[in-house]
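A, B, C, D and E are the chain letters, set down in written order, and residue numbers restart from 1 in every chain.
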Amino acid sequence: MLSLIVFLPLGAAAVLAVLPAIPDRAARWTWVAVALADLALVGVVLAGYESPAEGGLAYEERLRWIPSVGSSYHVGVDGLSLPLVALTAVVFLACAVYALREDRRPRVQAALFLFLQSVCLGVFVAQDLILFFLFFDLSIVGMYFVIAGWGHGNAARSALKFFLYTFLGSLALLLGFIGLYLAAEPHTFDIPELVAAAPLADNPGVGGLVLAAILLGLAIKTPTVPFHTWLPPAHTDAPAIGSAVLAAVLLKLGTYGFVRIAMPALPDAWQAWAWVLITIGVVSVVYGALVALAQTDVKRMIAYTSVNHMGYVVLGVGAAGLVGSAAAREVAVTGAVTQMVSHGLITGALFLLAGVLQERAGTYEMAEYGGLAEPAPRYAALFAVAAFASLGLPAFTGFIAEFQIFAGSIGTTAAAALALPGILITAALFLRALQRLLTGPPQGRAVGFADVGVREGLPIGGLLALALLFGIIPWPLLDLITPGAETVVDLVSR
Amino acid sequence: MTGATGSSDLGVALLWVVVGLPAVVGAVLCLAGRRADRPAPAAAVVTASLALVAAIAVAVLRPETAVPFLPGADFGLAVDALSAIVVPTVVAVTLLVLLSSAAEIDDRPARFSGLMLLFAAAVGVTATATTLPALLFAWEVMGATSFALIGYWWREPDRVSAGTDAFLTTRAADLGLYLAAGAALAGGGSLVLADLPAVAAPWRDVVAAGVLVAGLGKAAQLPFSFWLSRAMQGPSPVSALLHSAAMVAMGGYLLLRTSELLASTGWAATTAAWVGALTALALGAVAVAQRDLKQLLAASTAAQLGYVVLAAGVAGVSGGVAHLVAHASTKALLFLAAGAWLTALGTKQLPALRGAARRGPLVGGTAAVGTLALAGVPPLSLWATKDEVLAVAREQSVALYVVGLAAAAVSAAYAGKVLWVVWRALPADAESGYDTEEEGTRRVHRLQKAPLVVLAAGAAVLGLLVWPPVGEALRQALGEAGASRPGVLELVVSAVLAVAVVLAVARWPLPEPGWAARWLGLGAATEVVAVRPVLRLAEALARFDDRVLDRAVDAAAGLVPRGAGAAARADDRVLDRAVDASAPGTVRTARLTAEIDDVGFDGAVRGVAAGARRLGALARRSQTGQLHHYYVQAAVVLAAALALLLVVTR
Amino acid sequence: MTGDIVFWVLAALAVAAGVAVFSVNSMARATYALAISFVAVGLTLLLFDLQFLGVITVLMMVMEMAIMAIYMIMFMGMNPALMPMSMKHGKGAAMTIAVGTFLVLAAGALFVPWPARRGTPAPDLTVALGEAIMESKMLVMMTVSPVLFATIVAALVLAAPSGRYDRLGDDLRRRSAPARQPEGADR
Amino acid sequence: MTLQTVLLVAAALFSVGLYGAISQQVVVMVMMGLELMLNGVVLAAVGFWWFLSPAPEGQVLVLVVITAMTVEMAMGFAVATLLHRSRNADMTDMAADLSR
Amino acid sequence: MRPLALLPEICLLVGAVVTLLAGSFLPRERQWVARLITVAALLAAGVSAAVALGGPPRTAMMTTFAVDTGTGILRLVVVAATLLVIGLGVDELAGTKRESETYTLLLLGALGALVMGGTIDLLVLIVGFLLGSIPLYGLIGMVRTPQAAEGVLKTYLLGALFGIVLMLGVTVLYGIGGATAYADLTVGLAGAPAAAVAFGLLGVLAGLLFKAGGVPGHFWVPDATQSAGTTAAAFLTTVPKVGALLAAHRLMTIVPGSVDWPLLVAVLAAVTMTLGNLAAFAQTDVRRLLGWSTVSQVGYLLLPVAVAGGTTAALASLLVYLGGYAVTNLTAFAVVAAVPGRRSVEDYAGLAASSPWLGAALVVSLLSLVGTPPTAVFLGKLSVFTAAWDGGLAWLVVVAAVNTVASLFYYLRWLAPAFRREEPTEPARRPAPYATAAAVLGGIGVLTLGLLVAGIAPMLGTVLVAP
């Protein structure tokens, strides 16, 4: 079942890629249909999902792959990965609908995005390090072509930078994986086996180095300060749906790696290094928010808020490594995973909204707009809702996540309170942005700005509606995540 | 579903009606946009009416409920003695304000009504929340809707930024609640409000501090008061609801709710009491100095909330809630009156409003009731409720009592100022002062008049909440049966003081010192102490980010010099433009930072880049094309390898 | 004793002739000097009872030097006897490296504690060589044959400017070769 | 006549050949330097064979080295011819287009 | 003796002779018959190699040639690589004057690589070196351009020098070890003086590094790659390396522990990969870029050689990498061969748009050279890194990883223009059909090796068990 979910888009992508005769219109609708089908399959999985026993997996599949290096095709989901799988399916569907207006090589674009969808799903279901790395690296490749092929501005350069930087991260990750593999006896790349074995527990030096390599890899992908500088140019020059996917799904690959691999497999090193993570988290939160505050370019601003939001996640998972009340740490990890989903929904919507600006008026500079609420009330409403959702307003998932992260991590260490100003600064920057873009008399390029239509409004509104739904009724989501978070906290406390 | 107290299902259902119905209708109205403009006011009023009925019912039924929300922390709602009073009051004021605004707001009424209803729902949840997540949920939604309502006339940038200020200031204080949640989790694991006093020792202080900051921020107490001044940019009905009965009041209400927690720490209660008393005094002085009616009322709100906070600090909850409710009615009345004059006369400047009361006796009369109540003139409500608070305060500290009494005198002064101005004889050239702020209609709609009457009645009689038998019952319910009551002497002293000051104000003009007129310079201080440094830091960091961090990566990767150079130039251009657009001082600071960057970090980074480039060239330089060079190099490498093998032996 | 003297004479001759290769002022003389050096080493082999290999060395090297002389005259069109030359580059570096190499090798020769001799030479060395070639090291000689084959093919490909199709036409039916085509672009 | 002396002579031949290979410009002269180096190798091989391990492999080694010498020489002539024909050059310095 | 154990080698030799003979009598336009003979010989060699693959490890021709899994996979890789070279070269070679000679030399060069990689006797190694080198000279000089002449000159002179160094090394090892067969040398070298062992080892290793194209014997690689014909360039950057590196691995297993050879090889590996990458940065000619890229790849390939004695996984990882590298590199060259008009990186602008299949093959091959999953070289890099780390050279793995990132830069510099939308300035010529097919086939091979290595994995398991 999981394999079907993962490879259905890939198969469709292959068909789209090799058949140049497919008309553009058919390609666009094929994309939507496949994304919809995949989402339906994910829905089936969700419906049939029952939290597995401690440390177990649901929908597990395991096939021989590379037995000589202890690697197998092993997939499965649990409370940590299933929400992200669902998020991926939702975000890609939203992008597919949004891209119905695309007229630049839609067939290739559809193929590329379906390919990306496959690899992103693959990362989230992979239970083998090599499989994980395979999908992880391919996501970089796919995104490179998305930015280079459909971007604007200095797209080639940004794409190159993105590729180089994240590739550096992925190699560091690979080194870490090799270290784990060699430390486990017998050697294996299988994640559950590694988690069970917790290699390097008695070798803090090597354990620290291996964790450092994995952290570096994941931190670049996440990204955290100071490894974030690839993000703003990549976002600025990427197409709207590219940015949405990049922010909503690809960044999660990094943070997901924390909870899936780094924490359970290296509990001792994680505990020893928890303070580093908390520091990185706090700095990312505050730094990301402050730098975002100073931006004049909407998309760059949103990009930096991603640094801020991912900082919350790092803070939450870092706190889990400390000695403290288990309840608080569970809350922190649950919050961190919730934040991944939440950020995916909300920031995805925000980037699509930013994309509308670029399409209509060709610039993201806030100074070029003003009073958009007059000509484009629907756009203004969506933007305002998304902004408030992103700044962590209750009734949206962001609040659920951030409240839990803060309650949990402050409950573990008071130092986490240093990140609190992040919430305030984020609020300030979004309100400033709202003010500059939407309010006041219409001016600059806002004059004659066409309001969003159904094909733009539907995906954006859909993402926000989900954020709202799970913001008001969070327990279905949290019931999914909490057992997984408990397991992770148990494992990391070994 | 239901709590252990066995409250009826009907009660629970009605409680959900109180908070849910306005939320749903409000959301629908907001989403519906212009299509709902026509039916919106009526729908809102009907909704509020239904909610009011339900609110009164739940005040009697006292239901308790919880639904799953976060793990370990349900979304708990309950009506207890405190909220049984506050919830109906808020809903009632909401209804009245909506009625009034039906006549006043003609620009997109659907959105306005929707936001008001959403706000009311949030207040309902805030008042009944039993867990921290639920409280914070509603608390922040209140903040956000207040932003939207203050900035309702979004075409005018000033009003929107006033909303921003309000939201940001209150949110800064809200961080206290996040902190409190974390500390509660660390110190005991329960996020239920009632359990907070039982949190383990060091964490309990953190919880108390967090709650205190959050309460003070929303209640516009010192040092957060200035946001309330900015918030007056919003429409008058908004001020009437948010800045009298609901949002600001909720700050005080939260502290009343958690007075046990405050008291348990030993220091938080005292702090609250003194902040409240000093706010009452200082903001009273600010009110005295105002010439803008709404500004005066705003400062007065903060000052009056000071008594509530004082009450929370001294554990005089019954007096505090009575003052809260009475003040809500009074201040809503005055704001609506101010709004009525604004729409009719186009001004809210006191000098221009001279004799305004004489143009319409109903507005003038109700306003007089309001101002007299505000002044603390017996037998109107605030006279008694205030003394109720002060009596408890005197038990603890005479100094508090004295400050409170002084504040009462000040409140009589500003109330008198308003009273005398509007009831003076209408000057002949009155028209010349009108229409300075908007085009006046010269008439007051009857939908605007009706609520005034109700509210005036409330302002007059809500003092009953402290008098027997209602007062006794209230104290009983709140477990304060033995609390000290004001003696006759105290009542007489405050009554005499109030009347004397009001009369004196009629005779002698009041001083209007600049420091008070500028709201103690709080806004400017915040600008200097917090906003500007943060912005400057943000600019500097952004520059750092582009110049150093980013370029480090560029340099490492950018072995193609052209690309890197072009990008760097682009960076500079974009950045310079960005910086030029901001304040000149910021520019200088940022430039300085950047220079440090250039010399320090960036120099090093460039060195690395140049080194890498040189290495690349060096690597290729070995490939000279001259064969004998290859021979020489091969020989040298082999010799080195041999040396390595011979030197490093195992 | 006689062997020693002969060895030293031959050794001196070999080295001196070797030095002469790069110090005489014409290529022809250099060729002769190289031939002398080889002959000296080949004769040295005889001192070690390696008649077969010694003779082969002498014969092959004399032949090779003759070919070299012919090559220079025929193909490169120069008269080696008449062309004085001093065509060197980087003499300093070359000398440094050569001297360094010699020092390293000599130091190795002198200071390495060479192990003791194991075994004795076979009674008939040539037979032993023949047996080794035909038995234990047969693969060596089996591989040498494709090496020679490859050498012929590769050398012809490189050296011959025109192939059979130039001479005999694309269908190999022409009887006479056409005029030579310019070099460089014929493929 | 000891192993050391034989090796010293071989080293001398090898080094002289190396000097020539590096310092000569004309291709054929470079080849002569290489030949001289091989000459040294042959001598060293014989020395080792005689003094250390007089197994038949030693003889085969000498034979292989001589074969290699011839074969390389043949290829050298071919290459020199090609160079002469296609570039009209006989010196290595004149063929230095490919660099960096 | 077991000459039949050398059936694949014999097939190649016979094929070479028959090809040359047949070619001598074929009209110019009908040399495809010679090509068929060559392909048949290769296929026969491949089949016989595959048949022999499952057998137990043994030696052939007394103790001079190992017929084990290493040789078996070497044969398959070499045969497959040579077939791919011929496939990508058909467009370039068909109907040229020396087509059949080229095939002959390709067969002989492949035979040389097999002999080098399979032998366990130093004498055969020398002859194998010659057999591997001499056809290369002929192949490089085949196009007879001035550049090619220069390329062949440098290759030849460097080859001669390193051949001499190799023979010197063999001489010394023989002298102190008393034998040339590896089995006897292991015993003989055990108590030998370390300095002499080091000297001899270095000499032999230097010779092998010339064949492999590693520092210090790398100078010829970029020059020859740039100047030779595409077919020859593809061959010389692939097949000889395969043989030489396996030979290096075999050599390392006989060196006693008195010499710290792992460190030497590790340093050489680090220098080689770094130099190759740094030098490739600024290249604009794609052939030269590929030449330098192969130098850097040799650096990675030296990793398992450095830990040849330290971990059992070394050989398996080397073979995996070699196979992956061969297919990948040839795929890249196939793309180059398919569009002979495009020489510089910028010339590739718009390639993906005009021929998407070639674009895809280019992506696959370059990403594989980078080491991105799921390609063949990724698997190679993974196993090589693992083996090196396991063998105690974690620092070298880090160096290799950093180098990998650096290499991405120049591969992308080639890839980026190829995927740029650009209006062709001149009407695009149709890409060469055979080379395109070879490129696509190679690309599929790269992915297949990367994804479905499970099929050959059991065999690698036996390598692990019986080294």
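As a working rule, a contact is a pair of C-beta atoms (placed from the backbone, for glycine too) under 8 Å apart; a residue touches a chain by one contact, two chains touch by 3 or more.
These numbers come from a predicted model, not from an experiment.
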item: Length of the shortest touching-chain route, chain B through to chain D; value: 1
item: Target chain E, source chain D, minimum contact steps; value: 1
item: Chain whose Cα centroid lies nearest the overall Cα centroid; value: A
item: Pair joined by the larger number of C-beta contacts - A-B, C-E; value: A-B
item: Whole-Å gap between the CA centroids of chain A and chain D; value: 64
item: Cα-centroid distance, chain A relative to chain E, in whole angstrom; value: 41
item: Euclidean distance of C-alpha centroids - chain A vs chain C, Å; value: 69
item: Whole-Å gap between the CA centroids of chain C and chain D; value: 7
item: Chain B residues counted as touching two or more neighbouring chains; value: 557, 620, 623, 625-628, 631-632, 635, 642
item: Sites on chain A at which at least two other chains make contact; value: 160, 164
item: Chain D: positions in contact with at least two other chains; value: 14, 18, 21-23, 25, 30, 49, 52-53, 55, 57, 60, 64, 67, 71, 75, 78-79, 82, 85-86, 92-93, 95-100
item: Full enumeration of touching chain pairs; value: A-B, A-E, B-C, B-D, B-E, C-D, C-E, D-E
item: Touching residues on chain B, where the partner in the complex is chain E; value: 557, 559-560, 615-620, 622-623, 625, 627, 630-631, 633-634, 637-638, 641-642, 644-646, 648-650
item: Interface residues, chain A side, partner chain B - complex; value: 154, 157, 160-161, 164-165, 225-226, 228-230, 232-233, 287, 290-297, 324-325, 327-328, 330-331, 334, 367, 371, 373-374, 377, 381, 388, 392-395, 399-400, 402-404, 406-412, 414, 416-417, 420-421, 423-425, 427-428, 431-432, 434-435, 438-441, 474-475, 478, 482
item: Chain D - residues contacting chain C, complex; value: 1, 3-20, 22-26, 28-29, 32-33, 35-36, 39, 42-43, 46, 49-57, 59-60, 62-64, 66-67, 69-71, 73-75, 77-82, 84-86, 90-91, 93
item: Complex contacts: residues of chain D adjacent to chain E; value: 14, 21, 27, 30-31, 34, 37-38, 41, 44-45, 47-49, 52-53, 55, 57-58, 60-61, 64-65, 67-68, 71-72, 75-76, 78-79, 82-83, 85-87, 92, 95-100
item: Of all residues in chain C, those that touch chain E in their complex; value: 108, 111-115, 118-119, 135-140, 142-144, 146-147, 149-151, 153-158, 161, 163-166, 170-172, 183-187
